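The first chain written gets the first letter, and so on, giving A, B, C and D; residue counts start at 1 in each chain.
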Amino acid sequence: MIPLEYFLILGAILFAIGAYGVATKSNAIIVLMCIELMLNAANINFVAFGAYHPDIMGQVFVIMTITVAAAEVAVGIAILLNAYKMRKTTELDEDGLTSMRW
Amino acid sequence: MFIEYTWLVPLIPMLCFLIVGLLGRKTPEKGGYIAIAGALLSFIISALIAYEYLTGDAYPEPVTSQIAWFAIGDFEINLGYYVDGLTCMMMLFSSFISTLIFIYSIGYMHAEGARKTRYYAEVSLFLTGMLGLIVSSNFLEMFIFWEVMGLCSYLLIGFWSFRHNDGDAASANAASAAKKAFLVTRMGDVCLMAGLFILLGEFHSLDYTELFDPANIANADSTMITLGMLLVFGGVIGKSAQFPLHDWLPDAMAGPTTVSSLIHAATMVKAGVYLVARGYPLFIQDPEVMLFVGIIGGVTAFFAATMALNNYNIKKVLAFSTVSQLGYMILALGAGGYLVALGMDMGGAEGTALIAAGTAGFTAGCFHMMNHAFFKALLFMCSGSVIHSVGTEDMRLMGGLGKHMKITSITMLLGSLSIAGFPLFSGFWSKDLVLDIALEAGDQTIWFTVLWLLAVITAFMTAFYMFRMWFMTFMGEEGANTQHCHGESPKTMTAPLVILSVFAVLSGFLIMFGLDGMVSFEVTDTAFIVGGGHAGGMVHYFEHLFTNPYTYLTIVLALLGIGIAYLMYAKKTVDPGRFNKHGESGLYKVLANRWYFPEFYNWVSWKFGYGVAKGVNYVDRQVIDGTVNGLSAAVVGGGDTISKMQTGNVHDYTAVILLGVSVLAALFVVIAMILGGM
Amino acid sequence: MSIESLILPLLIVIPLIGAVATLFMGGEKQKYAKWVAGVFSGITLIVTLYMMYAGFEDWTVFTVGYDWIDTSSVHIGFDLMVDGLSVLMIFLTALLTLLVVVFSSAESDRANYFHTLLMAMEVGLMGVFMAADYFLFYVMWEVTLIPMYFLISWYGGPRRHYAAIKFFIYTHVASLVMLIGIFAMGWECMAVTGTMDFGFDTMAEIMPATSQAFQVAVFALLFFGFMVKMPSVPFHTWLPDAHVEAPTAGSVILAGVMLKMGSYGIIRICLECFPEGAAYWQWVIIAIGLISMVYGAYACIAQTDLKKMVAFSSISHMGMVMVGIGCLSDIGITFAIFQMFAHGLISAMLFMVCGFTGHAVGTREMPLLGGLAGRMPIYATFMMIAFMASLGLPGLVGFWGEFPLVYGFYEFIKAEGVMWLLVFCLLTLMLTAGYYIWAMQKTLFGPETKKIDLEHVHDISKPEFVALAVLAVLVALFGVWPDAALSFIDPYVDFLVGVL
Amino acid sequence: MFVEEIFGDYAAFAPIIIMLISALILPAVHFAGKRHTVTWAVALVFAVVSMAVNAYMLVDGFTGTTLGVYEYDAYTGVMLLLFQIVLFLAILVSNASTETTRLHVGAYYALLTGATTGMMFVAGSSDLLTIFVGVELTSISSYALVTMKRNDSRAAEAGVKYVIVGGLSTALTIYGISMIYGLTGTTDIAAIAASTAIDGMNWILAIGLVCMVAGYGFKIAAVPFHMWAPDVYEGASSPVSLFLATGSKKMGLSVFFQIFLVLFVAGSSLSAICGEEVQYLFAIIAAFTMTVGNVVAIAQNNIKRMLAYSSIAQAGYILIVMAVMTDYALASGMFHMFTHVFMKGGAFLIVGALICAGLGEKISDYKGLAKRSPFLAAAMLLFLFSLAGIPPLAGFTSKFFLFSSALGGVDGLTSQWVWLAFIAILNSAISLYYYARVVKAMYIEKGESTEKIKIPAVFTVAIVICVVFVIVLGVYPQLIFDYCETAAAALLL
């Protein structure tokens, strides 16, 4: 059996990659995708834990998470489209969507 | 019968004050007559009281009665009156002289118009203070009237502190003189207050009857009494213008001359002397205190006289003379008290003898106080008459006035002779008694011999400066302002002069007709008794003084002083400039600058008053308020700074969140480690 | 329901009605606002006087209490009471509010709001002095802040915004610290009785029995709150600013009554509830008092603005109150209370006079003034009475706040063997005389000033005269008859000394 | 009881069912009628009905469980009431507001109602899973709501920021939950609390807890997860800002209560392991949250941003509950949430009303407001002073309870959190400064215009409701505080 730690490390790596992306990427779509990565990192944890504890809850949680993620991305993309319509940009950088500050 | 109504004595002037103050504008002479009536009524009642008391059965036991006023903790404070020989004497001459001066004011203040209301109201209030002080039955009550007088003195010195007829400079001068008078005496008052704290702490009462009970005194802590009485004497120094707080009195001459005459010569400044006399039973508990009192008195007498020598302001000469004479009184009380105190310490027959000798000092001091009241009031009123007539106070601008103002010149001559100690004039008797007691105390300690010497020199100086003044004013060629002289003053002014001059000449003889018994001081095992002593009688005093060789010394010195003054200022055969390098000598300058006391006062008040205040204000604005403002600026600035972290860039938000998570996780673990959970 | 139990609520409700009534008197009607305010504050004063007369023997008849917030863990009551300590303060509040309305009758800028604020302030002040529940006490305490904030920032001088906000936040911080103390008391009460009962009577029973550490800590918290209000050095700097900028009415109430809230709180709460704490902090109290006295007096000397000088003199005088309280003795506390009362009357006069100076002459800067006595004799007379009373001239009320109080202090330091401390008191008395006399010389006397135009300067108007005259009479009356006030104070202090 | 009669076994679910129905039919209603006023009225009616049902259940003391996942007790009832009040206020003014969308009216109300449904769902949950789902329902609805604003590109930007930060926080939450799940093998909160599977502090537990704190901390805008809040509140329309600041934030707090209070309540096995550590963690977060919120608010010129920071600070105050962890604290925290709804909600309502009337969002635009609209100025004054904690307004009373809880332990006085109380009161004083700035602008400074301001009538109604409650809760806190106490007891049992 594969040790639990491996799954956890994989999850952690995925989580870290996602977090890095969220914090650095200037394209909003990529940021949304990075968030998906992070969610999936959690999913891996759940599945792994669910398997090691003989418990169904982990998998249920994963299903829920996937659903939520889908909804979030759907809304997120819609919002981005809206922003693009309004601002003609989806860049998150200085010259992009940073009009509200201080 | 009358004595139960002693409280009326101060109350009547009080009512006059209220009536004049509120309604005076509408009455004839703007309230002047009301004030006079009040003073006269007080005098009459005083006379009746005195007569009843002195002839009554109780005499010489003090008659006192009081009502509960309020309580300080467990200590009852009372309001009441206290009548004994000293009270009677003070009451009589105060109200009498006041009446005369009020009458004089009708003439003197004639031109003041609407302001007269204020004048009469304030002098009435002053009279309340003086008479209240005299009849008070406890120290606190006395202190209240003491301060009321201080207030009136302040107000009246500053009577012309705005819209002075002589212009702005004179207004400013009056305002600053008033301020100085109040503050300098306040310094003494604060000491007096501290003294009262100590007495209250020791005796748990401030009633004279309690405080003067030997049994109570024996129970109290003698060191505290010493300290207390020294502090009380601080009040005397302020009020009676003793060295080193004497300097306000010459400045106080900025007020109307009537005020100088009444308050700053005849009555208020006597309050200090009165306080020493009143507090005699406590003062004599410690010889050192009395020695201190004597030294202050003697030094004051000498110093003040020196300053009078070369002053050209007629009123200031008189002011210095007043200070000097007050010094005499204090010296007498101090010297006498010193002997009494020593005697009480010593005990036995020798002690009794010392006590008997010492009590003469009490009598001498009180006696001189009364005589001085008459002749100094007279002198001031005469000077007022002169000023009224020539419109200046500078003696160099006078001269030759004798022809124009006969009554004034003669009455003033009588007054001058009296104060100079010309034989048989009132000042002669009392001054020689003072010198006598000082010399006697000199047997016990060298201090009093020195003081006696100073006093004798002072007697010479007194004669000199008084006649310098008289000659400069009334004799010699006519000065610049003599030409503008209006002639003799009106009747309302000259009549009081004449009456007072009679008293100034003759009041000395009162001591031969029982006054010495009335203001005697006796020490028994169970009580200290004022009044009721053995009256020496005429023969005793003639014998006593004229068999004393030192009496002749003073007479010679006085005549010498008069003679020199005559040569210098009347005949002008001797040029005073020869002795002072025409005003260039060091001593002359020192005297002209009043021994630099005003400068010293200024220096002290600037350094320790305004200087510290500036510092405090700096600390307040910069340090304390600066901290407060700095803190608030820091918060506002911090807000600005932190808000700049809100860059609007969502990357920064996410970065901060991720950083926050890491930091919190670490923090969490650290806390766990600290708390020992890990 | 007896008439007695109505009195105290009435004292809050009447001014409240006045406040609401004037609030809605905008526009044309605002010139009648002063009459409304005058009538309502007048009625309040009458009710107060009746209460003083009727309750002299037994104050407890007036005590009323209603449950206000009563949950499983908290009990808060709408409790009102009055006793010898508070009755004088209530009297001051009622009196000064009326006089201020009279004095300020010329106010025409948004007159209705002006009077609303005054009446609202009266509500708060009455509440503070009558509250018998800590929650209510604190509520009322804070309620007084808002009208004062608006009074300063609407009707004040040129730097009014700064002064108002400084006053507001400064005193708010202090009261919040006090609030923490109240919380601590509440929880201690919880530990003993199982509920947080914020009633004065409950607390007064429980608190003296608590541990010394607790008393020391909570005393400090409460004391800080009160001290800032008094105010004591070094937490006083809000006061001069507030006074300088406040309109006359605001200054009068601020100095006359609001500062007393601090000392009232110290006596009512700190001393009654924490005798051990008081004993622990005694020297600190005295030190703060002495420093305030001397510091305030010195600061006065350096001021050029009349009002600022008087403000600092308030600090000095309240320092004296603090010293009196610090003695923890019968005499000290009795006359500290008396001094509070006396200072209330005197400072009201002082600020009226100084405020009038600014109004009439156009400046309060002493270097610009001079010789006003000639042009404005009545004003000068009142100023002199006020100054003399404040510097402690015997025969006026100020003296009885000073002499016996310092004597009480003397007794204390004599017992402790540090008599030299008396020097500070004496120095203060000296300095007090100094700055007042100096100020009078600068403003009233001397040559008439040429630096400002005195052409159109008038003496005081009739309403102003009435307000000042009433105060002057009271200053003199209580000066010659201090027992009139002392007879209220004495029984209370007897009780308090029993607690200590 | 009629609720049980109608809803049967689903009685505990009754208010939610009504809300769900509303959320589902609203787009249809709008599609059918094309009249936004009708849609608005329907939404409002459903909100009121739901609120009435809930109020009835609460007063009646109803308790019950539906489907084993949703438990209705006093706590749930009180929180539901809170959310419903928020919803009611938000819907009430949405139609009249000129900021809200006119294109997707049906969707707008459906989202509002749906978000509220999510909150209500959370309030009755006792499982991390259901809580997670409820929170996400609210979050995703809010992302959309923020962008639904007329003619303002700031809304679009706000939406982007919100969705990204929200997504990140979702990820953090779920990651944290996974850790906890991994350690204990369950997602039921009570079971986790009682779980004996954890034998001491370890990194996994720490990361799990901190990630959950961070994830839900985003909802309540706790420092350092607060940075989205000012931007979003500024960008969103005023009714939505109101909804987020008073509703969504309260849900976050409710989640904190339901998860962490229950996990670490005295006696649970978790509390033995790291109870005190968590308390300190929350105390530090609370201190930072209130301080940063207040201090930065001083620097704001836009009133919406200022109110946003003030909301952050208020959340910081309520976090005191999490540090102290007593039921008295919980009760007072809940009470403060209620008063906060009215005072902060009222303030946002006034801002919204003034935007409708053509006023700007800058504080300087408020100059002379007292002259132009005495009513609005007075109401704003009340709300701001209430927020600052000036008696006798609601904000003071609730702060009185809340701050006092910091000094109380389970059995009387404790000095552990006195420092927190001090920080809280200092912040309270700082807050006075920026509230007073607005007051000064309204009352003391002179504005350029003196024209009278007219606002839509419903705004007036809504503001009056808030004013009434701000005063009533100030002088008669028991109206709600009693329920809060019961609720706190119900949650912490």
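We adopt the following convention: a contact is a pair of C-beta atoms (placed from the backbone, for glycine too) under 8 Å apart; a residue touches a chain by one contact, two chains touch by 3 or more.
Please read all numbers here as calculations on a predicted model, not as lab measurements.
Engineer: Find me the chain with the mean Cα position closest to the mean of all the protein Cα atoms on display.
Structural biologist: Chain nearest the overall C-alpha centroid, as shown: C.
Engineer: With chain centres defined as C-alpha means, what is the inter-centre distance between chain B and chain C in Å?
Structural biologist: Those two chain centres are 37 Å apart.
Engineer: Let me have the rounded angstrom distance from the C-alpha centre of chain A over to the C-alpha centre of chain B, please.
Structural biologist: A distance of 96 Å separates the two centres.
Engineer: How many angstrom between the C-alpha centroids of chain D and chain A?
Structural biologist: Those two chain centres are 26 Å apart.
Engineer: In whole angstrom, what separates the CA-based centres of chain A and chain C?
Structural biologist: Centre-to-centre distance between chain A and chain C: 64 Å.
Engineer: Among the residues of chain D, pick out those that touch two or more other chains and give their numbers.
Structural biologist: Residues 160-161, 164, 168, 172, 230-231, 299-300, 433 of chain D each touch two or more of the other chains.
Engineer: Residue numbers in chain B touching 2 or more other chains?
Structural biologist: 632, 643, 646, 648, 650, 654, 658
Engineer: Give the residues of chain C touching no fewer than two other chains, as numbers and ranges.
Structural biologist: 169
Engineer: Of all possible chain pairs, which ones touch?
Structural biologist: The complete list of chain pairs in contact reads A-B, A-D, B-C, B-D, C-D.
Engineer: Hey, which residues of chain B end up touching chain D in the complex?
Structural biologist: Touch list, chain B to chain D: 632, 635-636, 638-640, 642-643, 646, 648, 650, 652-654, 656-661, 663-665, 667-669, 671-672, 675, 677-678.
Engineer: Using the touch definition up top, name the residues of chain C that touch chain B in the complex.
Structural biologist: Answer in residue numbers: 166, 169-170, 233-234, 236-238, 295, 298-303, 329-331, 334-335, 371-374, 384, 388, 393-395, 399, 403-404, 406-408, 410-411, 414, 422, 426, 429-431, 433-434, 437-438, 440-441, 444-448, 482-483, 486, 490.
Engineer: Per the contact definition, I'd like the list of chain D residues that touch chain B in the complex.
Structural biologist: The contact residues of chain D facing chain B are 160-161, 164-165, 168-169, 172, 200-203, 206-207, 209-211, 213-214, 218, 223-225, 227-228, 230-231, 273-274, 276-278, 280-281, 284-285, 292, 295-300, 430, 433.
Engineer: In the complex, go through chain B and note every residue touching chain C.
Structural biologist: 69-74, 140, 143-144, 146-148, 151, 154-155, 158, 161-163, 167-169, 171-172, 174-176, 178-179, 182-183, 186-187, 190-191, 193-194, 196-198, 200-201, 605, 609-610, 612-614, 616-617, 620, 624-625, 628, 632
Engineer: Would you tell me which residues of chain D are touching chain A in their complex?
Structural biologist: The contact residues of chain D facing chain A are 129, 132-133, 136, 139-140, 143-144, 147, 153-161, 163-164, 166-168, 170-172, 174-175, 177-179, 181-182, 185-187, 230-231, 234-235, 299-300.
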